[in-house]
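Common to both upcoming complexes is chain A, partnered first by chain B, then by chain C.
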Partner chain A sequence: MARIQIGALRKTYPGAKTDTLHGIDLTIEDGEMAVLVGPSGCGKSTLLRMIAGLESVTSGDIRIGERVVNQLEPAERDIAMVFQNYALYPHMTVRGNLEYGLKNRRTPRAEIDARVTEAARVLEIEPFLDRKPQALSGGQRQRVAMGRAIVRKPQAFLFDEPLSNLDARLRGQMRVEIRRLQRRFATTSIYVTHDQLEAMTMADKLVVMNAGRIEQVGSPMDLFDAPRSLFMASFIGAPGMNLLPVDDLRGAGVDLGGLPGNTSVIGIRPEHLTTDTVGAGIVLDLTVEAVELVGSETLVHLGAAGLSAPLVLRRPGALSVAPGTPLRVALPAGHLHGFDGHGLRIGAASRQGQPQTAAMS
Partner chain B sequence: MIENRRWLDFLTHAILILGVAIVAFPVWVALVASTHPAGTFATGHMPLLPGGAAWENYSTVLGSGMRGAGSEPLWRMLVNSAVMAVLITVGKIAISLTSAYAIVWFRFPLRVVCFWLIFITLMLPVEVRILPTFKVVADFGLLNSWVGLTLPLIASATATFLFRQFFMTVPEELVEAARIDGAGPMKFFRDILLPLSRTNIAALSVILFIYGWVQYLWPTLVTTDPKFYTIVMGIKRMVAVAEADPQWNFVMAAVVLAMLPPVLVVIFMQRLFVKGLIETEK
Partner chain C sequence: MQTKRTIFPNKGLPWLLIGPQMIVTAVFFLWPSAQAIWTSFRREDPFGLNTTFVGLSNYARLFESGEWLEAAGRTAVFAVSVTALSMLAALTLALAANRVLRGSRIYTTLLVWPYAVAPVVAGVLWWFLFNPTIGILPLALSALGIDWNHRINGDQAMILIVIAAAWKQVSYDFLFFLAALQSVPKSLIEAAAIDGAGPFRRMRDIVLPLISPTTFFLLIVNINYAMFDTFAIIDATTSGGPAGATNILVYKVYADGFLGLNLGSSSAQSVVLMLIVVALTFVQFRYVERKVQY
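Showing the complex of A and B:
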């Protein structure tokens, strides 16, 4: 168990014009599950691979526990990694796969057997111990890959999009399972994903990256409630936050009430848009463009002349409206997010309905 | 295209049977000829059914060699051929596995140059570089030795390229997983790469064994000592006897014996051979 500290970490690939990572500072506490998420090419995998020792460090420090590990080989860093394509050794049995890392570390035989038995029991892969990976399904293979990490009892688990090859149902199960195992062993973990559902549900600490920088760090709900920037607002949440440029609204003659002077974009989550317009702050007259019935909820896409992108309204249950119907929606002041001309949030990051948003009404 | 017509079936089968007959007939003639006593061929008449002298012919060529040809007994040549073929096979596979490993996974100075040097050897088989190679081998005093017989044939790149292609299909994640599991370069090679290459090695062994077995030109050049004669050379020497008719019954017996080991290798390695050519076990 260990805390992982990353200081001013940069990565420049030889011959590349720009840095892949522009000075990352991040601390992951002992036993914490940190999820790195971001659009593809944001550097999240590079960061993970640098922590693992699979990529060299251009400058900066990586500490696992008390050690600076920059120059250490992956095997010396006392970490275990779970790969996207499992990376099981195809010619070895499941048992052989679990044992290999321990054997290379000259762990005593009895200890190896004890750890393999324990891991197999926890992961419920005992019946497959003598099979080859080829004879296993995707979910079982991923369990074996997890097992290979667990038996090592490392200082940290590193996950590189481990669930992206599984189907949606299995992914849901494995998500819960990985979280359960991580809590059980209380091992510091870093998990890279591009799936924000995984990111939101699994993280103690959510790290959103964009273009080689950390955009925002915090608990998933903090990031959801108080996105620091326009990028965060659109990235976290599915569908993302509705973003409305103030100039467009003014041009359309919408009464915006008392917004802070430097507000350039206002945002509201699809679930906070309401059709109850009595006494509400900002009211928009829109037209239904499309309706998506998901079963448990309904997504209504709303458009109007002068708006570049449609707004999305989310309602629990089914809502029967035909495309083309005019609809008047309100943006309750307590749920508004304001962003300035630089795309940054106005006012301190805080929970919804607190003074800074109240001031907007 | 699947067509179901009787006459077409008949025609295609007829063509296939004709093809098989053309290929198999000489083999049959050799088999038959090796079972007749020596006098049969002097009449200018070629029997098509087996005769009764099989035991006598085979035991003569195997045991005592042929009189007049000044040659060693055939068993000795068979052993020589086998040793040579096995040495070439093992040598080529060992060299090409390691060189392919280096080229695919190691970053060293002049890596690209090395790659092209190996590549160029593809264009220079023994037959092309035979004079300089002979000179080198002779100057090193390697005439009439196993080293001289096999080393020049080992040094070529075909197998290196096959292994290189295979290694490049090994997923990067597997290499990284092994690194994290604490497997250094040698351990990775031994524990992961060799077992994964098993079927490829088997398939190549078959090809290389036969390549080594049928060598004629090079052994003829570098061996003057009958102790090192190979079976393919032996057959040639049996035919080219001075001042006498070739003893066809013995020659054919030698031919059949020479064919046997490659056939056996192919038969017994067939399953692995096919697997190695088609399978990707990852």
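Showing the complex of A and C:
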């Protein structure tokens, strides 16, 4: 069990023109589950692999517990990693896979057996212990990969997109299961994913990365309620926040009321758009372009002349409107997010961490 | 894996398509083999004027003669040495090439060149290098106090043909080993590194088991090569000498048949060789299929 501290960590690949990571500062508390999320190429996997010792450090520090581990071999860092393709040893049985790390560390036989039995029981893989990975399903392989991490009782678990090879249903199950196991062992964990649903549901601490930098760190709800930038607003949430350039709205003759002068983009979440326009602040006249019925909810895509991208409105349950229908929607002032000309949240610093309060009123 | 099946509307076209291959096989393999089997039951005088059917006596004489059994023993030594030397050298080179990040294609290309050299030319090359009179290697060896003359020293002659034959085969083995090494997933090596395995253990526990199908395949190919495909190299370097020290089975077939003109015995020997190939391949593929699955 350990806290992981990363200070001014940079990574430059030889011959590359720009840095892959531009000075990352991050602290993950003991027992915490941190999820690194971001678009592909944002450096999240590189960061994880540097913590694991699979990539060298260009500059900066990585501490696991009290030790600076920059120069240590992966084996000496006391971490366990779950790979995207599971990386199970195909020529060894499940038992062999679980034992390998312990054998290399000269763990006594009785201890190995005890730990493997315990892990197999927790993960419900006892019936497969003498099979080869080839004979297992994707979900079972995933459990074995988890088991290989658990038996080691390491200071930290590192997960590199472990669920991306599973189908949607299984992914949902494993998500809950990994979180349950992580809580049970209270092991500090870093989890890399590009799936923001996974990120939102699993994280204690959500770390959103973009282009080699940390965009925002916080609890998932903080990040959802108070995105620090336009990138965050569109990245977190599915579908992302509706973003409307103020100039476009003014050009269309919309009454914007009293917005702070430096507002260049306003945002509103699909679930906060309302058709109840009585006494509302900003009102838009739009046309239904498309309707997506998901079952439990309905997504209505709305467009208008002068708007570059359609707005999305989310309603629980089924809503029957035909494309082409005109629809008047309101943007309740309490749910508006404002962003300035640099794409940064207006009043971000003071508002972070306060759920359900928007930047403007 | 799914196999795609084509259904032909009539029977003529498929026969036409496999026809050329069938003809080549018949003319260059089936017919000579049948001839060899037939001749092995007969005794012929050197001028081919008089032939008698003698049953299995050619075979009986073969297995009674110490000469043939000695050649068989020599062949075993030769085949094992060539296989071991070429595979070890190829694996070492492949491991090195696999580590190189830049310019590995150049190494690969250069290492493949020996395979393009004709066997006789390879033989002549080594014959020059090791030539006791004008060769550069005997000169170097004499500085180390080794008196090299493979024309009178049988062991040295054997070493010479082993090196020449192995050198020729290294390229082939190298390509297969390199492909096998590159197909070992990187994440497995990384997982093993995190699991506390150092470079030696990763090699022993992960890499070698994972490339074992290739290793077994190469084992078969190399033994077959050493036993049956090295005629040209031996002919160009030692011609089976001195005093038969490098006279392996396949060379003996030629020597007895075409130099000694004992066609009956020579045919019997080639039939025995044919049976050895069949047995070797069968046994090894059965073994590979059963053991090297994971």
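Following the convention adopted for this analysis, the second predicted complex is superposed on the first by the 347 of 361 C-alpha atoms of A that agree within 3 Å, B and C clash if a C-alpha of one lies under 4 Å from a C-alpha of the other, contacts with A are read in each partner's own complex, and residues count from 1 in each chain.
As a convention for this text, a residue touches a chain if its C-beta (ideal position, glycine included) is under 8 Å from a C-beta of that chain, and two chains touch if they have at least 3 such contacts.
Computed from a prediction, not measured in an experiment: that's the story for all the values here.
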Is the arrangement of chain B and chain C around the shared chain A a clash or a fit after superposition? clash
Is A:80 touching anything from chain B or chain C once the two structures are fitted on A? First, second, both or neither. both
Once the shared chain is lined up, is A:121 touching chain B (first), chain C (second), both, or neither of them? neither
Considering only the touch criterion stated at the top, classify A:183 as touching first (chain B), second (chain C), both, or neither. neither
Could you look at A:250 and tell me whether it touches chain B, chain C, both or neither (first, second, both, neither)? neither
Answer with first, second, both or neither: which of chain B and chain C does A:101 touch in the superposed model? both
Given the touch rule stated above, what does A:90 touch, chain B (first), chain C (second), both, or neither? both
Please write out, lowest number first, the residues of chain A touched by both chain B and chain C across the two complexes. 52-54, 73-75, 79-81, 83-85, 87, 89-91, 100-101, 104-105, 134, 148
Going by the contact rule set out above, which residues of chain C touch chain A in the complex? 185, 187-188, 190-198, 201, 205-206, 209-210, 294
Mind listing the chain A positions that touch chain B in their complex? 52-54, 73-75, 79-81, 83-92, 100-101, 104-105, 134, 148
What residues of chain B sit close enough to touch chain A in their complex? 171, 173-174, 176-183, 187, 191-192, 195-196, 198, 281-282
List of chain A residues in touch with chain C within their complex: 52-54, 73-75, 79-81, 83-85, 87, 89-91, 100-101, 104-105, 132, 134, 148, 152
